[in-house]
Structure formats: C-alpha cells, structure tokens
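I've put the structures underneath this note.
In the two assemblies presented below, chain A is common to both, partnered first by chain B and then by chain C.
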Partner chain A sequence: MKKNLIIVLLGVGLIVYASTVIASRNTIYYYTTSETEDIEITTNERIKLGGFVVEGSISKDGGYTVFTITDGNKEIDILFDGFIPELFQENMGVILDGVLDNNIFFADDMLVKHDNEYVSSDGETYDVKSYSK
Partner chain B sequence: MMLYGPLAVWIAISFFGPYDVTQGVYSKLLYIHVPTVWIAYLGYTLTFLYSVFYFFTKKQKYDSLAIANAKSGVIFTVITLLAGSYWGKQTWGTWWVWGDARLNLTAILLLVYLGYIASRQFNKDLGKTARNSSFIGIFGVIQIPILHFSVIWWRSVHQQASILSQETVASGDAPMSTDILVTLLISVLLVTLVHIFLTKIFRRSNDILWDDYLNPKSRAKI
Partner chain C sequence: MIYNTGIIFSWISFSLLIILFFNKKNLYTEILVRVNLFIQVLLFCLLEVGLFLNDFSLSYIANFSAKSTPPLYKFASLWGSLDGSILLWNLCLSLFMYFYLKFYKDPSSNIDVKIFTLIMIFFVGYTVFSSSPFAGCIELATVGCSSSTILPFADLVTSNIGRGPNPLLQNHPLMAIHPPMLYIGYVGMTMPFVAATSRLYSKKEDSNSWIEVAEKTTYIPWLFLTIGITLGAAWSYEVLGWGGYWAWDPVENVSFIPWLLATAFLHSSKIQKTQNTLLNWNYILVGLMFLSTIFGTFITRSGVLISVHAFSNGNIGTYLLFGMLLFGLIFIVIGSRNIEYFSKSKKIDNWFGKSGFFVYNNIFLFSSALVVFIGTIFPLIYETLYSRQITVGRAYYDILVGPLLLILLGLMIFSVKLSIRNLNIRKWLNEYIILLNTALIVTIFSLFLLNNSYSLIITVSFSFILIFITVNNLYKNFRVPKGNSSYWTGQIAHLGIGIFALGIILNVSQSYSTEKELSSFEEFNFNNETYFVYDAIEESLPEKNVIKLPISDTEHTKYTSLNIFKNSSQQAISSPAVFRSIINDIYITVKFIDEDSYKLIVRNNYGVLIMWIGLLITSLSFLPRLRKNEV
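The block that comes next holds the complex of A and B.
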C-alpha cells in the first residue's frame, strides 16, 4: 500500500509540476506592438504580435492584405498573406505570427481575439458603464 | 425523463437563444461551453470535499460521491473542450492554440481526472483503492484556481471571464445583454440538473461495488 501511495503522490506531483512549467513558459504568448521596441529580435526570428486593427487601415495589395495594428501607443504596419478568419474586421484584436522587419510585420498566420462582451441584437439593456477596458 | 427533459431544453435554448452580434451565431456555443465548465469545476470541487470526508471518516458513501462527481465532471470537461474548440475555429480561426495557458491547463485537468478514474483500477482491494484515489481527488483541485485565474495572470488568446470576474462581481453588471445573460443562467441551471442525474447513476454503480466488497456472500446468492 505504501508503494501505491508513493506512486500516486509522485504522479500528482509530476502533474502539478508539469502544469506550472507549461503555464509559466507561456506567460507571454504574444508581444504587444510597444513591446517590440524593448525586445531583441534576431533577423528572421518569428514572433507573435498582438494588437487592435486600426480603423480604415485595411486594404488589399496584390495577394496581400495590408493593415495596421496598435496597442494604443505604437502602430505597426502588417503585410499579411494567409487565411483570414471570418471575424477579422476593424477594431478587432488580432494575434499575428511572422517576422518583424523595419517596423513592417510580415505575417502568415492570424488569430482573432474576441473580448468578453456579448451584445445581442436588442442590446439596449446593456450597461456599458461597468465595462471600460 | 429526469435526464432527457433538462437535456432537451438545454439543447433547444442553445439552438434558439440570442447571440452576440459581432461574433455571430456561433457565440451561442456560450450556452454549452460556459455551463459545462462551471459544472465541471463544481464536480471536481465536490470530489475534493468528499475525498477529504472519505479520507477522515472512511465512510463508503463519501467515496461513491467523490467518484460520481469526478465522472460527471470528466463528461462536462470533454463537452467544454469540444464546444470551445469549435467556437475557437469559428472566431479565432483555429481549433486549438498550443501556446495558450488556459487551453493547455484544461486539457491537463481532463487528464488528471481521467487518471483519477483510472486509479480506481490499480488495486483490487476497494478499501485501498478508495484511499489512494482520494489523494488525487484532494490534490487535483489545486488546478481549478490556477485554471480560473490563468487568463488574468498570463496573456492569453482566451477572453477574460464575463461573469466570474472581479468587475462583474463588484459592480453587479455583466458585460452582456440581459437576454444573453438570462439564457446563460438558465442553461447553467439545466446543466446542474443533468449533473445531479448523472452523479446519482454513477454513485449507485459505485455503491454496488462497495456492497460486493463488504458483503461478498450476498453476491454469491444472486
């Protein structure tokens, strides 16, 4: 019985350890646009970059989709070539995967990050005061 | 009837309920994704409590209640992962994000409680099994607060909590339209009913195991 107990405790310990390692390794899943000024990126190193799509910045250029994202402080132009999720639109949060070069980010992978607001078609009962982020 | 009634109503309101205008109809997955994960949390928390009770009192009913809640929790964790993954495909644009803390931790949560259920087979002696498993039931619960706060502690693709967040609890105002909120709360209630039904069945089957273990002769007669 002691043996079983030790196995069980070891197993639980391993799981807790593994989840802490996995979680802490992902403390920064993506960089914000301002943070790109502070980090050191080697040439052609792929990073993930997150921000909000600037209003009126989306356009098509050849096969590329060109737009600008911002975190409120710094804007970065995006040259995107890849699958565009349906929800992609102005003011939406996006996370892009690609290479940063001279303030232009060449990306080929996009995730749309939706916020925690849910507003239905008759959303007039919704009180916006409590939500300011 | 106890099972199919709530189940049918739950599916119906998930299908016909209101949805977020920005995200489109797929945001109705909210009514499946959120209640199931809440009830999974509830199930694992009850597993924790009953494991503690069992560990100190050695009363068989607590062991049965612990395993029943864990089994139901596993079912709801699978549902929340499937619904969440499909929702992610429709909004984020991907089924799964490997780097995301909340997604990974939920997958680990499922593995731990699958391990808890598997640990019931380690030993033929039910008394020892129940004691050993209660350790997993007790320590496994640590993951729930880590999982819940993961979107606050770490930058994540997953959105912040809408209801169980500090702002909502403090102000009493959820960032949600009233009709969406009401539909969500009704679906939580319905999933709770499903959970109660499932735990009853799972509890009974474990009680039978205990009966066989404690009175081996009565079984031989049948």
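The block that comes next holds the complex of A and C.
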C-alpha cells in the first residue's frame, strides 16, 4: 500500500511538473494599454491587449481594420486582420490577440467584452455607450 | 406576490432541510424529502411564472429578461444567470435526493440522508442568505435593477422593460437545453459521493456495497455530462461563428474534468466489483468527481478567470470554496476512518489482462483530467504569484492532452472481449485478422484522399480498427444476445468514441479557410462548388435586428446573419451559413458588411457531422441499461 502510494504520488508529481513547465512556455500575457509602457515586451511575443475602442478611430486600410484603443491613459494603434466575431464598434471594450511593435499592435483575434463597463488598471470605470446604428 | 412567496418558500425549504438533518425518525424522513422536492418544483415554477408575466419587480427578471424576449428564451432565462441557475441546481439536487433515497437508500443507516441533506442545505443556504433569484428590486438602473433585497415585505420598485438575457444566450434554441443537461450532470455527481461516504461511514462487513451504488449512480450524470458537453460544442459551432467547437476555455475545461474522472471511475469500479482491487483509488475518484463539479461551478460563476463564459461575480466564489473545503474534509475524515478496509484491497495480479488494462485506462484518463485542471488554474496561480494576467495557449493542450487521448483510443481497441487472464496477442491477432486488415486497407485508401501527418495516420487507423471490431462484435452478439448490460453499454460507448475520434482528426487535420471579398449578386468558387451571394436583408424583430445575407449553392439557400440585440449589452452575434454533408461542411460567416460589399470567411470544415454522430452513439450507450430494469 505504501509503495503504491509513493508510485501514485511520484506519477502525479511528474505530471504536475511537466504540465507546469509546458504551461509556462505557452502563456499569453494580458496587458492594458498603459501597462505596455511599464513592462518590456519583446517583439514577436504574442500578447493579449485589452482596451476601449476610441471614438472615430475606425477606418479600413486594404484588408485591415485600423483603429485605436485606450484604457483611459494611453492609446495604442491597432492593425487588425482577423475575424470580427461580433459587430465591432466604437467605445467598446475589446481584448486583442497579437504582437506589439513600435507602439503599433498587429492583432488577428478579437474578443469583445460582454459587460458594459471596462475597469482599467487604475480602478477607474469607463462606461460604454449604448449601441447605435 | 412572487417575490414574497418565493423568498418565504426558500426559507421554508431551508428550515425543512435543517429539520431533516437533525431528524431521527425514519417516518418523517420520507415525507420531508418529498415536501422539499415539492417546494423546489414550486419555486422553479414560480420564477417561470414571474418570467412569463414580466414581473420586473424581481431584480433577477428585470436584469435577465425583457418584455420582448421570445417565450423559449424567457423560459431559459431562469438559468441564464447565477442566481436563477442555483434554483435549477437545487431542483435537480432535490430530484436526485428523492431518486437516490427511493432506490439506493442504505436500509440500515440514516447517514446517507444526512450527507445529502447537508449538501442541499449548502446550496439552498446560498439562495437564502446570499442572493436569491426572488430578490426584490429596491433601486432602478437606467434599464433593469441596480439594487435588491432578499428580505420579504419590502417596498419594491418596478422597472418597465427589463434588460434581457445575454445576447449569446438568446440566439439559438440549443442554449435552452445545453446548460440544464450539464447541471444534471454536475448535480448528479452528488449521488456517488453520498453513496461512498455514507456507506463507508457506517462501516459494514460487506463494505463493497458502496461501489455498486456509486457505479450505478455515476452512469446517469456521466450520460448527461456527455450530452451537455456535446450540445455545448454544437452550440458553439452553430452560433458563435468562429468555425470551432472547443476552445479549451476554462469553462469548457471544468465540464471536461468531471467527465474524465467519471469515465475513469466507470471503468475502475468494474474491477473492484469483480476482483476487489483499487478500493482506495475508487474512493478517491468518487471524491474528486464531486469536488470537481463544485470547482467547476466556482470557475464558471465566481468570475475569477477571464473567459467568454465567466458570466457573473459576487460572493459565490468564497462560498463555493468554503463548500469544497467542508465536503473535502468530510470526505477525508470518512476515508481515514476506513484505512483498514482500504488496506484489504487486493493487488493487481496481471498487468496484461483485464485489470491491467483498466489500470492503464485510469492512469491516462486521470492524467488527462490533471493536465486540464492545471491548465485551468495555472493563470490563477500565476496571477497570484506575479500579479500579471495570462492565459494558457492552446498549444499546451495540444501537446499534452492530444497524445493522452490517442493512447486511450489505442487501449480501447483491446477492450472487446478482454479476458481476465493475460491477453494473448497472437490469439487476438488471429481472431481479428480479417477485420484488422480491412481496417488498415480502408485507412490506406482514405489516406490517399487526405493531407497526411503522423498523428493523422495513427488516429485514423486506430479509429477504423476500433470501429470495425466493435461493430463486428456488436453484430455477432446482437444475434445471440448474451453478456451483461454494462458490457453492451461499454461497447456502444466505445464505438461512438471511435467514430468521434475519426471526425475530430479529420477536422483538425483537413479543415482550411479563405477570405472572399464580394459585392451583392456576385458568385465565388470554393471547393469545386459555386456559391452565389445575394443582397443583404434587414429584419427587425421585437428583441433584435437581423442583417441576413442569403448565399446559395446549386441546391440550397442559406443565411449568414448578424444579430444585433436591442436593449441589452451592445453586441452583435454573427451566425454562420452552413452547407452540410457527411464528410465536410462549407461554413460561411460575414467578417464585414460595408454598404453592399462583403468580406466573407469561408471555411471547409471536415468531420463535424461525424463527430456529432459519434457522440450521439456514445450517448445512446444507455440503451442496454434499460433492459432488465437496470437503472
């Protein structure tokens, strides 16, 4: 019984160790736009960037959608090439997936936040205006 | 009216449960259990009535339903958000309690009633003390309700339209049935937990009786979990328009963990019954199954993780953690009182026979569960340690879970006619030589048509071998019925998994997509078929505006649409147009609509229907159990 217990514990330990190692090699970081200033991000590192779509910033450039997002403190320009899952619009909280290079974020995946409020890292709450077409 | 009645009956239910917990007379037990079930049904109906009468003086209804919500989604709004879903949870729990005590009650002791009641008290307590779907609205928000009370007889204010359910939850009928299926699956895991803890607590000589009850009561929630997960995947595919069905999202993961553990237990309990081994292991599995369902609710409902599904916030998180701790403690204490019993567990004597294979099966299923668990909590731990938010990439699961599941598929091939003695490979090969060769030939032929990769070849051949062998076996034995029902259940489930594996590997390895830019009344070619795009149609329904784009191939016209929901969060959902066939789906979604020019994403998704068929067959594995009135 004791021997079995040791084998099981060793096995579990091994899996936990291996999973942790592999998980830490496959992490994707979340940043708010102002956090990108404080933390060094290597070019080509994939990150998730959260923020609010700045009003009047959306335009089309070739196949790309170009817009700017902010968390209330810092704005970052986005070059988006990917599937827009929901009708994407101004003032909406989004989380983008991509690479940051020279203050331009190349994103190819977008998640629209479901709630109506966006809380920035400084704790301030920004309301999203209601939908209008 | 509904507000007062609801809250008061919640209290009554809670008090009844307290009485039930301390009650010593058997006579009252049965009555109390029935009354409790009755009250839970009543509460459920009461909230439904409120939803249909648009009683917006209830905070929950004002915030998660609207006048314009269609009836089906009004009905489903009951479980659309946290507080209401706890009500459904309680209803399921009291149903299972009634069911369990009717069929599986330990005649010599009352401890099973007590443990079940304790669990029920825990969940009903939440609606009584923390937040209730019957809470009355005392302060209005712009739309809906911003502040509420769980005490009765307060003066209420009534909002006039209601906020409506989350758009995602009112876009497809599947959303109305997928959550209850999962809930039944989750809640049902209480039964094996009660069976194990109560029967071991009363320490009898024939202590192995717990395993029979636990095994029987695990199958039901396992079945519902299977159906629930399948429906969730189907919903994701049909509604969300991203072309996929499983994203290793934390909330998907937490429904998968209990499924893996329950699958492991359904296997390992078999060899305990026949060979009296793995006693302690089975006990641990049952405990983990139950705790993993509470953990699942914790992840879904506490909002600790960033996820498409993390719907809500509030104090439920701490409450559930406390519950896990409490039930975990009960589990450990009862376990440690039975050390002597567990030490009677026989050793596995042949590693290449039935027991050996079942142990391998358990090792790989448990490892998968562990890997998924770590992937799920890793971001939490990371954030605690480094105060940075992260997610774990998909690659993590591909690297770790993929191979584990492939090994399990391989093991399943031998599951047919596995003798208790050592498996004789030569004899086995001889018996199945024709089938094996046919399967391999089919594999080779199908590989000519496909883009090849290493994992594809292995998976396809494993799947074909498994499918051929199980079908052959089912057919042979169908003509001469013999064997017990759980054997049949296993074979059908394995056949389904084999077909599913074929579908999923086709999907993963063969699917591709492209983007098309077009204007109205233009056509495009994709996968040797011509598609014609019409002009977009705008439609206004009471609850939403829909922009529909008709697309037709040579035979059918389908719509891909954007659904924009009124008076709720300002979000639109893009629904795909899907041209289906057995082998592949042409799956079209809109990326952009700009005047009358469109950017479409066109996907060729392989194997999706095969996957659903496989999972459907796996779900049908309950059929043999109906024979001989076995539950």
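The working rule: the second predicted complex is superposed on the first by the 85 of 133 C-alpha atoms of A that agree within 3 Å, B and C clash if a C-alpha of one lies under 4 Å from a C-alpha of the other, contacts with A are read in each partner's own complex, and residues count from 1 in each chain.
Here is the rule we go by: a contact is a pair of C-beta atoms (placed from the backbone, for glycine too) under 8 Å apart; a residue touches a chain by one contact, two chains touch by 3 or more.
No experiment lies behind these values; they were computed from the predicted model shown.
Is A:Gly11 contacted by the first partner chain B, the second partner chain C, both or neither?
So A:Gly11 meets both chain B and chain C here.
Regarding the shared-chain residue A:Ser59, is it in contact with chain B (first), chain C (second), both, or neither?
In the superposition, A:Ser59 touches no partner, neither chain B nor chain C.
Tell me which partner A:Ser19 touches in the superposition: chain B (first), chain C (second), both or neither.
So A:Ser19 meets both chain B and chain C here.
One more residue to check, A:Met110. First (chain B), second (chain C), both or neither?
First partner only.
Where on chain A do chain B and chain C both make contact?
Residues 1, 11-12, 15-16, 18-19, 22-23, 26-30, 48, 83-87, 95, 111-112, 114-116, 129-131 of chain A touch both chain B and chain C.
Where on chain A is chain C touching in the complex?
1, 11-12, 15-16, 18-20, 22-24, 26-30, 46, 48, 60, 63, 65, 83-87, 89, 92, 95, 111-112, 114-116, 128-131, 133
Can you check the complex and tell me which residues of chain C touch chain A?
166, 168, 240-242, 280, 306, 308, 311, 342-343, 345, 363, 367, 370-371, 374-375, 378-379, 382, 388-396, 399-400, 515, 517, 545, 562, 564, 569-574, 589, 591-592, 594, 599, 601
For the complex, give me every residue of chain B touching chain A.
18-24, 27, 30, 90-94, 97, 99-101, 104-105, 108, 111-112, 115, 119, 122-123, 128, 131-133, 135-136, 139-140, 142-143, 146, 150, 153-157, 159-162, 165, 167-168, 171-173, 175-180
Going by the contact rule at the top, pick out the chain A residues touching chain B in the complex.
Spelled out, the residues of chain A in touch with chain B are 1, 4-5, 8-9, 11-12, 15-16, 18-19, 22-23, 26-30, 48, 50, 83-87, 95, 110-123, 125-127, 129-131.
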